[in-house]
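Next up: the structures, one after another.
Look at the two complexes coming up: chain A is in both, with chain B in one and chain C in the other.
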Partner chain A sequence: MSTITAKTSHDDVHAPEIPYATQLRSNRLGLWLFLFSELFLFGALFTTRFVLWGNTRPPLSQEIGLLATVILLFSSFFMYRSETAIAYGDQPKFLNNALLAALMGAIFFVMVVVMEWNVFRLSGELFGIELFGHLKPGDGVYGGVFYAMTGMHALHVLSGIVFILIIWWNGRRGAFTPERHWGVEAIAIYWHYVDVVWVFFYPALYLMGKVV
Partner chain B sequence: MRTLKILLTSALVKGLVGQAVGWALGYSFVALLRALRGLPTPWLYEPAVAFGAIISLLGFLVAAGVLADWLRWIVGKKTELKHGAPAGQPGWARYINVDTNHKVIGVQYAITSILLLLVGGYFAIVFRIELAQPGMQWLTNDEFNTLFSAHGIVMIAGILLGVGAMVNYLVPLMIGAPDMAFPRLNAFSYWVTIPSAVIILMGMAVGGWDTGWVGYATLSLKAPLGVVLFLLGFWMNGFSSIASSLNMLVTVTTMRAKGMTLFRMPIVVWGSIAASIIQLTATQTVGVALTLTVAERVLGLNFFDPVGGGDPILYQHLFWFYSHPVVYVFVLPGLGVIAELLPVFARKPLFGYRWVALSSLGIALVGFLVWAHHMFTSGMDDALRVPFMFSTMLVAVPTGVKFFSWVATMWEGKLPKNPPTPLLFVFGAISIFLIGGVTGPILGTIPTDLHLHDSYWIVGHFHATMFGGYIFPFFAALYYWYPKVTGRMYKESLGKLHFWLMLPAFWVMSIGQMSVGLLGMRRRVADYDPALGITTTHILITLAALVIGWSVLIMIYNFIASARTEPAADTNPWGSRSPEWQIPSPIPEFNYVTPIEVVGEPYDYGLAGSVYTRTIAPAPSGD
Partner chain C sequence: MNDKKAAAYRLGLITLIILAVLTAVEFGVAIYLESLVLLFIIALVKAAVIIQNFMHIARLWQEESH
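For the complex of A and B:
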């Protein structure tokens, strides 16, 4: 192998410049291929639900599920406003909306982990609605599938929140311009994608089939 | 002394240290959580080992510096790609450090792949010696189970890395690109395979496992601790597969040279596209299968154990949805190599170029529709059997296209009287892939499969497809591109010796495996009844395995010795039209110093006046 490297002194040869437009095209395609790949991850979990649960579902709090879903879907709206704002150069609107989207994502995450999963083993009621779930991970296939699907989705929500905070932090220091804001665009697409996954997971977990 | 310092400060060593530290941290974290709740943590407590393994991957990547640029991006720093060896170090140091050049990564993949193939082959020889005689001689049943399971997964990891080697090295060169589209992601794809291989091998050290490489539930739920590390290591390899296939698809889409239309791309590129489509998507489903198994063992969720209402057949569906198509990942680049080499040596155009190109995609797409043919005896819904039998037979159509093209390309070609080693390996590949192929429909047909399922016939069939579709083409590629990679020619005599030892030995092994299978030898068992009358064949199989092992060592010696002693090779010793052979060997850092343009068909060998690529005259400089 020493022969390869003997000749790699290339003072006169520079790395070919990849134009920004080409790199952007590559980035976009790469992101969409990644999302296409993730489709099979979520698809496999979705299939698992129908194989193991069939036409049944566990008893879950309809109110919490609906509220969490509404909050997550609205967060996508603010992420969209954020991306549009940076495209028009409105820096404060971009930052505020990004933060709002992350905050709503965080509320969704807390509702899943603290309320549905009830990791802190709390109990309580508000307006006669029970706030904390009863389904345990060990409750047969109902626990297994519920925790696997919500867990995998919550992991994506969590990573999305982290990504939004990264673009927010960099955005405050002027890292994005109307012409060059691939980071914002990528996170926005990822965030919408995670929302759309929930649009399929929510009915599969909360609405379809008979309660056992 | 200096060499030792370079070795010890390399990314490889740093990463391994980081992995050990990460593992210890992850293990202690779980132990600490338990201590806070007043629980004791027994030695090799499974959740702690599993969590430690996950953190150890992170530890490796951070310590080796694979994530360095990305971590800087997070805090808003811009980073430039570094080129060449680390400052003040000799050129070979590039290969044990994080490097983003696709040629360096290709060589890294190739070396790691050969090492893993040696380790996996060594496991095979150890348990083959046990099988040479009935009764148990020098292994226990548990050791035997661990060895054949590890043989399977280590070989598969080795093959995936070999595919990575071919794709990474060749595809950017063949499409006229300076590098892959995402060089850092490319380095990540390679480096993630090292800690995952370490984790799989650690699984053998902590008690082994007895599930085979398939890891079927519910056996995997009851297997020893090693199975968790096997599942996690397998799972982490998936990161490499997904990231590198994504990278490869983007590279081919956006980085092609001027004039390189889809139907002017070499068949290796087509094979890589088809393989990447499979890896990009199907890997996720096996990832789910492995994740759910680990969750069931470690976290107490229930998916596969019928006691809690789970379904073990579901595991098999999720598993084979990846693991059947993945054999096409193994063979498609290899079949591309056969199609690339034959026209060069026959001095004739490739017969039916467009059909061969599209047959790669055809194999990949049909490959997604056949997975349940592994499960005819599993107890799945009977209604699934016949459709899967027919879809399985359909694979023969695009594969047949490739075979007929190869034969028609050779027909009346000017093949050399004394074939050089790469061409010999291509001939070997075609003959072996043929026997591997024609033994397949017998397994795809339900009645015969019910008889042959779980017999040594399967072992014979599978090894023939892997040797014909991957191992022989991979070796052909190694010999063929060796002068381009190193700038030196390998020793032809040793190459021929390698081939003439390996081909007959393989035939003895494969025919032997199929025959003992027909006579009642079960696979994955350590012992058999001498009354079956298959002892002589078993001795022959074991001897053949040893010969194959020695012949591969000859190849490795050949490559190492030739890189030091042989004189410089010609730029284009084979007379190829492909653009990578028109530039100096070894290839410059950024491949094409003057950009190339594609003006003709790739495989028009022997046609007067036909041109494939030419360099574009550099535009007058403005500054």
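For the complex of A and C:
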């Protein structure tokens, strides 16, 4: 056992250092392969919607769906600005935009969980617009598919918010430079990916098919 | 450097505007045309714009570092 430990540390000492550019290329490829693997998960959910719902859809609030989509879009925009800012060494702009992206993501998450899922069983209207959804997970194929799709997406939004807050916290301590900020780039790509998934989920859930 | 920086921020804003317009078009198509194919095509275009401009997919085959 001790021999193995000794050999490992010996190899570590003499291991050739991999150039940062090479590391970066490997990291990027790895991240994109991971995102490609996630495509099967979201693709399966997307396909399920068409198999089980066909050319129909449940009665969902168009206003909540559209507003949530716009908010996620702005969140992606702020994340882009955050990554651009650190790439050009603008630390305050990087931090502010990362925080805005996380905030917008949190608003999207609350809109899905509190308003669309209506976990607190609230009711109310604003300018004639119903603020809270009625669809329950047990409402047949409509409830099942809707909660599976929005639930899996919301889980990714939540993890994305946590990741953004981690890079924000590390960024405050000066962990990223214009030359080295792979952490920021990776989280930005992940966050935009969550937006891409919603680009397909939004019309599939809210816009395609006739209301039952 | 400053030109590049300004161009990068401008690209973000242009992408946001394109995506906002396409979302509005998408909403209109759903209400007035109810075309499933058209909605799917719009979603594909939106995804392509995000992948190209926000996710920088081209960096995958570029020789560069930060």
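One rule holds for everything that comes next: the second predicted complex is superposed on the first by the 199 of 212 C-alpha atoms of A that agree within 3 Å, B and C clash if a C-alpha of one lies under 4 Å from a C-alpha of the other, contacts with A are read in each partner's own complex, and residues count from 1 in each chain.
Assume a contact is a pair of C-beta atoms (placed from the backbone, for glycine too) under 8 Å apart; a residue touches a chain by one contact, two chains touch by 3 or more.
These figures come from a predicted structure and were not determined experimentally.
Of the two partner chains, both chain B and chain C are touched by A:L29.
Contacts of A:G140 after superposition on the shared chain: chain B is touched, whereas chain C is not. In the superposition on chain A, A:Y80 makes contact with chain C only, while chain B stays out of contact range. Shared-chain residue A:I129: touches no atom of chain B or chain C. Of the two partner chains, neither chain B nor chain C is touched by A:V119.
Judged by the touch definition given at the top, the superposed model places A:M208 against chain C, while chain B stays out of reach. In the superposition on chain A, A:V110 makes contact with neither chain B nor chain C. By the touch criterion stated above, A:L155 is placed in contact with neither chain B nor chain C.
Common to the chain B-facing and chain C-facing surfaces of chain A are residues 29.
Across the complex, chain C is touched by residues 20-21, 24, 28-29, 32, 55, 62, 66, 69-70, 73-74, 76-77, 79-81, 84, 87-88, 177-182, 185, 188-189, 192-193, 195-196, 199-200, 203, 206-210 of chain A.
Note for the complex: chain B touches chain A at residues 74, 76, 81, 83-85, 90-92, 94-95, 103, 107, 178, 181-182, 242, 246-247, 249-251, 253-255, 280-285, 287-289, 291-292, 295-296, 299-303, 308-311, 314, 317-318, 321, 485-488, 563, 586, 588-590, 593. Chain C contributes residues 1, 4-5, 8-9, 12-13, 15-16, 19-20, 23, 26-27, 29-30, 34, 36, 39-40, 42-43, 46-47, 50-51, 53-57, 59-60, 63-66 to its touches with chain A in the complex. Here chain A touches chain B in the complex through residues 1-10, 13-16, 22, 25-26, 29-30, 33-34, 36-41, 43-45, 47-48, 51-52, 137-138, 140-141, 143-145, 147-148, 166, 169-170, 173, 175, going by the rule given at the top.
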